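Next come two complexes, and both contain chain A; in the first it sits with chain B, in the second with chain C.
After this line comes the complex of A and B, so read on.
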């Protein structure tokens, strides 16, 4: 029973996270400071929010690489409009605007994928360029630095949760955005586990034709999926703009792979039908640690991409490796190690 | 007297000039197990689809429960209690068995939220109806085929099925699993549920059916109680020809065998967990059969001989010389060919043309100048081999997926024969092949042996082994336990030996 618990994919990722943290911490105890933890939390929040959308798409058997394009479009356009109109209000309106734009762009994806049944990778590769290009062309390519940002957003960026004074005198804190991630994660978990919509996402990812025969509304479900991804990508983009206190139209796009890697590391299968919120969040933590903390180990930043690449290979190869290992063990041992749960038996 | 559930009246179905069904009429009573047999192209699938409402008939009508329909829709057929279990089962491999059973049911009732306790309860109650033991929490993709089939049946029952149509349900099952399935089917009959099943395996049809119906070329050619038919009669009705299979006589002197070493000899071959201490030999011109129940290791042995999953200890000798088969390349280099169990996934490139599939092993013989492929040489080779194996096709450029099972198997054979093997290992060579083609394939195999090739056939089709082999090896739990000369044993005795003393 314990063995089964430890062989779960999520458990393995958790162990890797713990192991890596301990390793880094031993080499450089600065890793275990509150300041570092808060910084990791900030970075992880953004990746985490995007990863919830990626997770749902992966489970449904598709892949969406356009979410960064949606994010930047929504954020930059919103900031441009608000800044040009000297907006003085709070964060609510920006979030709503970005979410609405994100939703709209997500529906564009949904149109091509659900109605025209085009392959998801091709469609989203196309819309990634499309959205970003349209933004640069129609909205502009001016860079908004901190002074030019709507004051409401700057105030939001300064919001603090659990402020903490560091040994060197500065203060650091968690940012309330982490709540958005938590609420989102819980929501996605509930939908996936306890609603027919969630199960139909798994069904479609498992066997699309069987899902059709069983009477699932594939088109409707896919529209909801991609619209939802668009919505949260819009919100995610807005968070990036707010937290970084700048609106750079050339940012965000290019970070897709880290988010997808996080989901895959967490157990989502590129073939569809598998994935979990916990696993994805753990994957996000792992990627964030790698991206932000290798420096503490003295690893040059050029090597970060290398390590992330290795992790992706490891993460996708892990289930296969485990199966091969189990079979090898059985062959050498000659005895009945795993009972009928393993699909490979004598024939 | 049993009540009538389904009546099919003078159904004809035309597809652009092709008569798939021609005036077919029959009745299925409540609680009846009816078998439908017929070769490929006889109209079996079309008939099922008409009953299921997928195809509207060109003429004729279908009466279900007293209600007559000239044109049925799938949803109506389902509502009337007709459930079809297709060969691929239509299950979700990434979900649990319980979910597969209950999900559809919930969906139909418009449920938006999942109550997992209810899902488990529904699944448990449903599976209790057929009284089998399947782990409901297992992921369906991890379950063996037989269990998946049971899940598919259970799901069908939840729809309040009154007639369950099964399309080739026993293709992927072993003997034991087939018996289990039949027990379930008989249990359903007790409850008044009718079963219509389509099968190639005539001996099974005989043992389970109450009544049998034979289709040939879209027409019904025979219909009666199972007791009125025997295998020979069934084969005759299906093909319109007399099918008489005789055994195989091995003549050692014909191949100058008396002085020569055997083509293949293995000594104490072992792969822990799969098979152990396997020793036997195959001489030129012999056809040796290997049979055994699930877990006996016969497929593992075949894979080891071909280098897919090599043995860990033991010796292998080809033509008297000691060889090491550690990979498929090794096996091929020593003249060993392998016709796999599952031709669709392991034997053919389905999307490629017939011609290409045939020459794929001998590509290097089709090279012209400068080492590039010569299409002239390729066409020559393709023509030679399609003729030698009588592969029936309109055009060798068609995708191999367009061929019938029997013809596909010929393509797999052609591919291997083109490379002139000395030893041919065949795993389930006529699985899913209809009776007429089966006989032809058997004759082909005997011809090959007559040319001096040593053949090893792994199969659980006892009539097939009795008809083609001169020797049969019986495996149990990874060991060869007995060897028979086919002239010294009958099929019944072999069957007994197969199933005895296993518990």
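After this line comes the complex of A and C, so read on.
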């Protein structure tokens, strides 16, 4: 029974996270300070929020690379509108506006993917370009620095949770945004585990045709999926703008890979039908640690990309290798004819 | 008794010959029409700038490296997969070539030394492309990784290798190698264009006339059937990724020649552009259909459009933003049009089947 627990993918990732943390801590004890932990938490929160959306898409058998485009569009447009109108209020309106825009853009994705059944990678590559190009061309490409941002957003950025005074005198804290991530994670977990919607997401990813025949509403589910991803991305983009206290229209886009890598490391498979919230969150932690700690370990920053790339390959390869191993053992035991190789097709 | 309609329906064109029949669903015909329209429009709007030889040359210089990349991505798309790492491979190859050139050739080297340096550099670049493609092929064909994820990983890994080698800096080429990217044959024809045409010819022959090409199309159409036909899916798939890597290396060499520099961050939008050009050129993203000539026609169209936008928006940064928007829009429009024409084609073929089914049901 213990063996079954340890062979679960999420457990392996947890062990890797623990092992990596210990290793880094041994090399550089600065890793184990509260200050470092809080800093990692901030970085992980943003990746984590986006990863919830990516997780759902991956489970459904698709891939969405346009979420960063949705995020920046929602954030930058909202900030532009609010700043130009000298908005003085709190964070609620910006979040609502960004979420609404994100939802709308997500529906654009949903239109092409759910209604026309077009390949998800290519559609979202197209919409990424579409959204960002539209934003830069029609909304603007100016950079808003801290002074020009709506004051409500700056105040939000300064919010503190568990303030802690560091040995060198400065203070650091957790940011309340982590609650947004927690609520989101619990929500996604509940939906995936206990609702019919969640079942249909897994079903579509596992075998689309079987799901269709079983009576699942494929189009409806996909519309909900991509609209939801858009919504989350809008909120995530707003958080980035608020926490970094600037609105740079050229930011966010380009960070897709970290988020996708986190979900994949956590057990989500591109072929669909697999994935979990816990796994994805662990994957986010792993990616965040790797991205932020290589420097602590003395690894030159120029090797960072290479390491993350190899991590993705390893993370994707792990479940594949285990599946192959399982097949081997079955073959040895049963002596049956060689199973047909799975068709190697991208979607 | 239902009547049997004896219709001589054309077989569904696919594979390399689809181009001659106007594309799998008439896509090529529509594309040709679109390209002509764009050309005429641009000629009418800016005849002073657009219709000059200088402009044609400039477009050829820009388009050639993208063209080679588009052909590269076509090869892996034919198998039903995709190679997203082509730009990273191209940059890595360019970096290696640039480093070797820098080490072997100086401004006052003898012509023999220059030739040797260039030969070694080009050879090394091609080898890098081969290695990158071979690793991709290993993960996808042998280990069974999903191509999108595998090449996303290698995209980052190869970029990372390049970053590690260059420490993020730019590698500069040597003056003598500029000929590859900027030279003119006979004072008119750009060298990169010749490279593109040669590459296209070779790939057209490989894909259309060799056993490998046929096997690749069959693999893309139906991997299970291909396997049971005796095709070694693994080897065909692996080879297709190797080809993609080598082609990417060629593109990297052209880029090095044209810009006289190599950097890991070059060619950001090129992946999207290559996919756009391939899909526009009648390559089926699910595999099994597409031709080199369709891709070239699409390349011409996209280049006309790009140059057109530049001319109309006067080279401002707004032009780049609008181009980004238009590429995304174009890709989505093309996908939609393909979808509808495919459906129309299915409907055309269905009545025959329905009739036959009715006939057998009534008996």
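Operating definition for what follows: the second predicted complex is superposed on the first by the 322 of 347 C-alpha atoms of A that agree within 3 Å, B and C clash if a C-alpha of one lies under 4 Å from a C-alpha of the other, contacts with A are read in each partner's own complex, and residues count from 1 in each chain.
Keep this in mind: contacts are C-beta pairs under 8 Å (C-beta built on N, C-alpha and C of every residue); 3 or more make two chains touch, one makes a residue touch a chain.
Here the structure is a predicted model, which is why all the values come from computation and not from measurement.
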Touching A:131, do we find chain B (first), chain C (second), both, or neither? second
Under the stated touch criterion, which partner chain does A:214 make contact with: chain B (first), chain C (second), both, or neither? first
Could you say whether A:199 touches chain B, chain C, both of them, or neither, answering first, second, both or neither? first
Where does A:29 make contact in the superposed view: on chain B (first), on chain C (second), on both, or on neither? neither
Does the superposition put A:305 against chain B (first), chain C (second), both, or neither? second
By the touch definition at the top of the document, which applies to A:176: first (chain B), second (chain C), both, or neither? neither
In the overlay, answer first, second, both or neither for which of chain B and chain C A:270 touches. second
On the superposed three-chain arrangement, identify whether chain B or chain C touches more chain A residues. C
Taking the superposition on A as described, I'd like to know which of chain B and chain C A:313 touches: first, second, both or neither. second
Dual-contact residues of chain A, meaning touching chain B and chain C, are 341, 343, 345-347
Considering the complex alone, what residue numbers of chain A touch chain B? 193-200, 202-203, 205-207, 209-211, 213-216, 272-274, 330-335, 341, 343, 345-347
In the complex, the residues of chain C that touch chain A are 79-82, 139-141, 143-150, 152-161, 163-164, 166-168, 223-224, 227, 233-234, 237, 269, 271-272, 275-276, 279, 285-287, 317-318, 321-329, 331-332, 335-336, 339
Contact footprint of chain C on chain A as seen in their complex: 63, 112, 116-119, 121-123, 125-134, 136-137, 141, 257, 260, 264, 269-271, 300, 302-310, 312-313, 316-317, 320-321, 324, 340-347
Report the residues of chain B in contact with chain A in the complex, numbered from low to high. 90-95, 99, 103-104, 106-108, 111-114, 138, 142, 144, 271-275, 294-300, 312, 478
